[in-house]
């Protein structure tokens, strides 16, 4: 078995469930890997580990960081995109007059540091949100709960549930992806050296991960959830159930290109379109990089794992595609 | 033990004992009156409790038994009717000599300007005018003690307490300061409590010499010095002076459990 | 300036000047030889530089001009051929009296056990046996100086330097220690350099008395004390003794710019 | 004459007061807290009551205890390393001013560099996350000890320095018999700050490396509890951190008192001395 | 007799050495770093070269300077508040042991509580992130000053205490004329640590409130640059933080030297005195 370390961008959670599934049900082992998962967290930056060769694969949150890697001439590439839509969203209390996306721009907004340097800049440029309304979000809901007029960032698969648990009322959820933030999410990044020298190995890992995701969504995921709960004490069964439900309902994983090409699918047009948005938002400069360098389609769009999707999955098409 | 009994002693120690926390009995059953205007010297072996007596009178140590009464108790503490030269100079290292001498006046809330003359006078008296701006660490041992003396004199206290102020001084300076002290004492109508190891000095300066026993200290002799004032060098050759010196010296030897010899008086 | 010229002086100061960083000239053009076996006293006004001379000899201050030669220079520094009582006791506050006295031996890497006898002897000599386990802060002023004296004696140094070691002591203790010191000096064949303010003490103890002028210090008189040894109380009544005392006293007055009077000699 | 002091310290009634006053004040503060939260009806996910916290503490005693063990271990190792490193460096610095001035900036740099920024780098070079965590906690804790001890080693009394020079003390003897005792109070003052910082460091180090560590410490528990809006549990963990800090503060206090007792009594006897029975 | 000392300090050649040695060592360290990175071909996104960092510094000089201004402001305000708060509290504590023992635990609690955990709470009660930031930086910085000054205020010499008692000094006079000068070196020792911690506090406070502040400080730049994999820019900001720390360290050093000069020369004259021209 080959030792492989996979670094996550967050603590163990259902939004990373496919990897745990592949680990738990032996998919990775069958592919010849002994996988070690290294969690991330709010204060943890695993990205340098990939470039340094200390981990073999890294889960990236969105494409922006992949563009940055190209800009910094870091030899890494996105080899697969597990989430077709970014679960990033804004949350508001009900009954505060925040019924529309456009109502949110003037509200005090709790925002974590990572968001402030990425999608918030896009929100600012594309939708007129303002820096001076920002409040720090350290993944404690208390400030949001205490101030009903405040809104906050979140993952559509997580925070709404936590808010509902605390207040008894489901909050309003505005998915960024529905308003133009169309990055892939939870992408697998690999060092260029591995792609060049051991493409077969990368392919095996990507395929196994994709299979893991299918099984996590549609198969018996109890073992994976046990692993998740072991790694992250904050996870509960209810939370996991909610996340799974949301991932399916919002078509985060199995939608868009994934419907035909299988989970992990990517299209260059979409990458380029997102790059253009980043340029328009001032996060990157026009012509600074070639967005195509950020990804490689070599390992995806091969329909791997489509056999694992239940027949009824056809109606997902409507939910995810636009 | 004292034989004088005017109505109001300035300081009165009654059957006083002091036991330090380490268990050392420094004083046991010490009684002692000081009348206003007296010049009392304490003579006694090293470690017998002389400094402790001064600390008691100054209110710096409380008696563990017996009573200490002081005439100014109950009055405003700001008045500082006591001046003291401790056995060590205890100058503030971060202040110049001038500021060290000014300190007691400053504590009485006197302005620097109005105090200037008195401070300068006191410095001149001890011969440190030139070193007014020096820091204590730049002084020799004797100069430090002189600065401490100036500090004790500058307030013109009612009771002046001196713990071997002249021990570190050469004889000439010492004699000059002896005379200066006597002059100030009579001019300012002070009371003085003086610790010394010199029998001659004690007799020369005092109206009364108290000889203490070895630790724990008790008064073993109370010698009234009936030499006429104002005293000057000529006193030192009178027979009464020598007689009193011999008596004090004997008392001291007695106190230390030695047979009195001519030693002390002879040198 | 000295009139003796045996081959190898123990310490030789040639035309030495010391100027402190503050600008004070403590010594100017001082020359001085100390022969092995001598007992040299320094007499001089307060602040004239006596302590500075001791510091020079001990290697604690460097001369700003002139030359200082010491017979033991170049030898192993561990030997510590010098013992010193500073003007202040400089006891280590965190050590007991016993450990303070043991310190110089400890610095010579002597074991506690083998040092015990010498430390106990030194403590007995100064009368502090009872206080071996006390901390310095629990001692009276005179007791501290006695502890410092014990510390200086414990190493049996070739050169013993004493900076007013007896100033804080009563006369009886003082006389006793004077005699003890003389005895040790002759027994151990030490050389001694002694600072004092007592003319009598200097003449009684020394083979030579150096009188220093007011600051900056120079040697103004070099008095060879030709009294016979071993000395004891009886010496104090010889006419030669009194004569020498008078001479030293005169030199001191002279050094201080005063007309010599009978003051000093009379008391 | 016995020096085995019988009643050296302050009078026993004063001692009782010294123990009772903080406890009494603590009780008052907690009671006031409880009352304010109840009367103002502040919801427990914003600010729990002390009783709620205590209850959460009891309920989760097992994971909390385990986490406390983890954090405490990190803290103690970091503190030990801080003491060792700080003292050794200070001793090195005491040998030469030039050395001190040349190297101190690096100690400052280490201290002011944000852990969040360097933790990822450390993780690249040091493969064992546990070591990174210890290193982070050490970085946070060592500076006060270094700084305090360095000052203390230069604070020797001039008279004592003379004494040691006169008797030809070796460098080592001077360091051991003169400089070390002189620096002791300064070292202890630094220790007092470093003890706190070691605790802070242990917690922060866990925040910046947590994912990598197998057994969760208190920081992980706090994060988890906050994530789940279980404010009571978060406060229970916070309370344990605070209590640990306070206990170590008093321990350091007692240690200081004990180590310096032979010097401090001077003050007792001269300022409060006679009053023992007077 | 002139006390306007002409050559009080160490000899000028020694002074030059003291200045030159750290700079020389710094140059050597940077050169070694540059060479190691180049020879081992470590990629700049892992560990940039000093020249790369300098270049990034120059390129981004405007945002960096602006950010430095923000961080420096926070640091200085926090430091001022730490000095004020620490000294006042210490003065309060010096009036009574019982008070000290009762209140010190709360200072310890404040110091050891993880900012990451309490920042959200602070935000509930204090809506202005800028204030939360200052409060956080202050919490980090104040303890060493409090602790140092509290110790110093109890360190007065027994003889001096006697003197002040004898002359009937008022509480206020004792504090101002005796305790304050006695505590000064202890305060300065605390300040030396607090200066660093104020900088650390300013950075950490920015980390925990980062997203919220309109004008980014250095921490924001570091975080952003790291997030965007711009290691050189992150190191440029880190270097500015380090340099700021080192500059303040030397400033505090000079301040100490200047404030204590009248006491320290004793050491010069006794240990190095005669060597001035000898």
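Letters are used for the chains, namely A, B, C, D and E, taken in the order the chains are written, and counting of residues starts over at 1 for each.
Everything below uses one rule, namely that a contact is a pair of C-beta atoms (placed from the backbone, for glycine too) under 8 Å apart; a residue touches a chain by one contact, two chains touch by 3 or more.
In this text, all values refer to a predicted model and were calculated from it rather than measured experimentally.
Listed by label, the chains touching chain C and chain E alike are B, D. By the count of C-beta pairs in contact, the leading chain pair is D-E. Chain centres here are Cα means. That of chain B falls 49 Å from that of chain E.
Annotation: 88 Å between the Cα-based centres of chain A and chain B.
Taken residue by residue, chain E touches two or more other chains at 1, 3, 46, 116, 120-121, 124, 158, 162, 207, 223, 226, 265-266, 269-270, whereas all remaining positions touch fewer. Multi-chain contact residues of chain B (touching two or more other chains): 20, 22, 24, 60, 88, 134, 137-138.
In chain A, 43, 45, 47-48, 52, 138, 140, 142, 146 are the positions where the chain touches two or more neighbouring chains simultaneously.
Contact residues of chain A toward chain E in the complex are 43, 45, 47-48, 51-52, 64-65, 68-69, 71-74, 111-118, 120, 131-132, 134-138, 140, 142-143, 146-147.
The residues of chain B lying in touch with chain C in their complex are 20, 22, 24, 43-47, 50-51, 87-88, 134, 138-143, 146, 163-164, 167-175, 197-200, 204, 233, 236-237, 249, 252-253, 256, 258, 261-264, 266-267. Chain E meets chain A in the complex at residues 43-46, 116, 119-121, 123-124, 127, 129, 132, 207-214, 220, 223-224, 226-231. The touching residues of chain E, when paired with chain B in their complex, are 1, 3, 157, 159-160, 162-170, 173, 177-178, 181, 184, 262-263, 265-266, 269. Those residues of chain B that touch chain E in the complex are listed here as 55, 58-60, 77-80, 82, 84, 86, 88, 90, 92-94, 103-104, 106-108, 130-131, 133-135, 137-138, 155.
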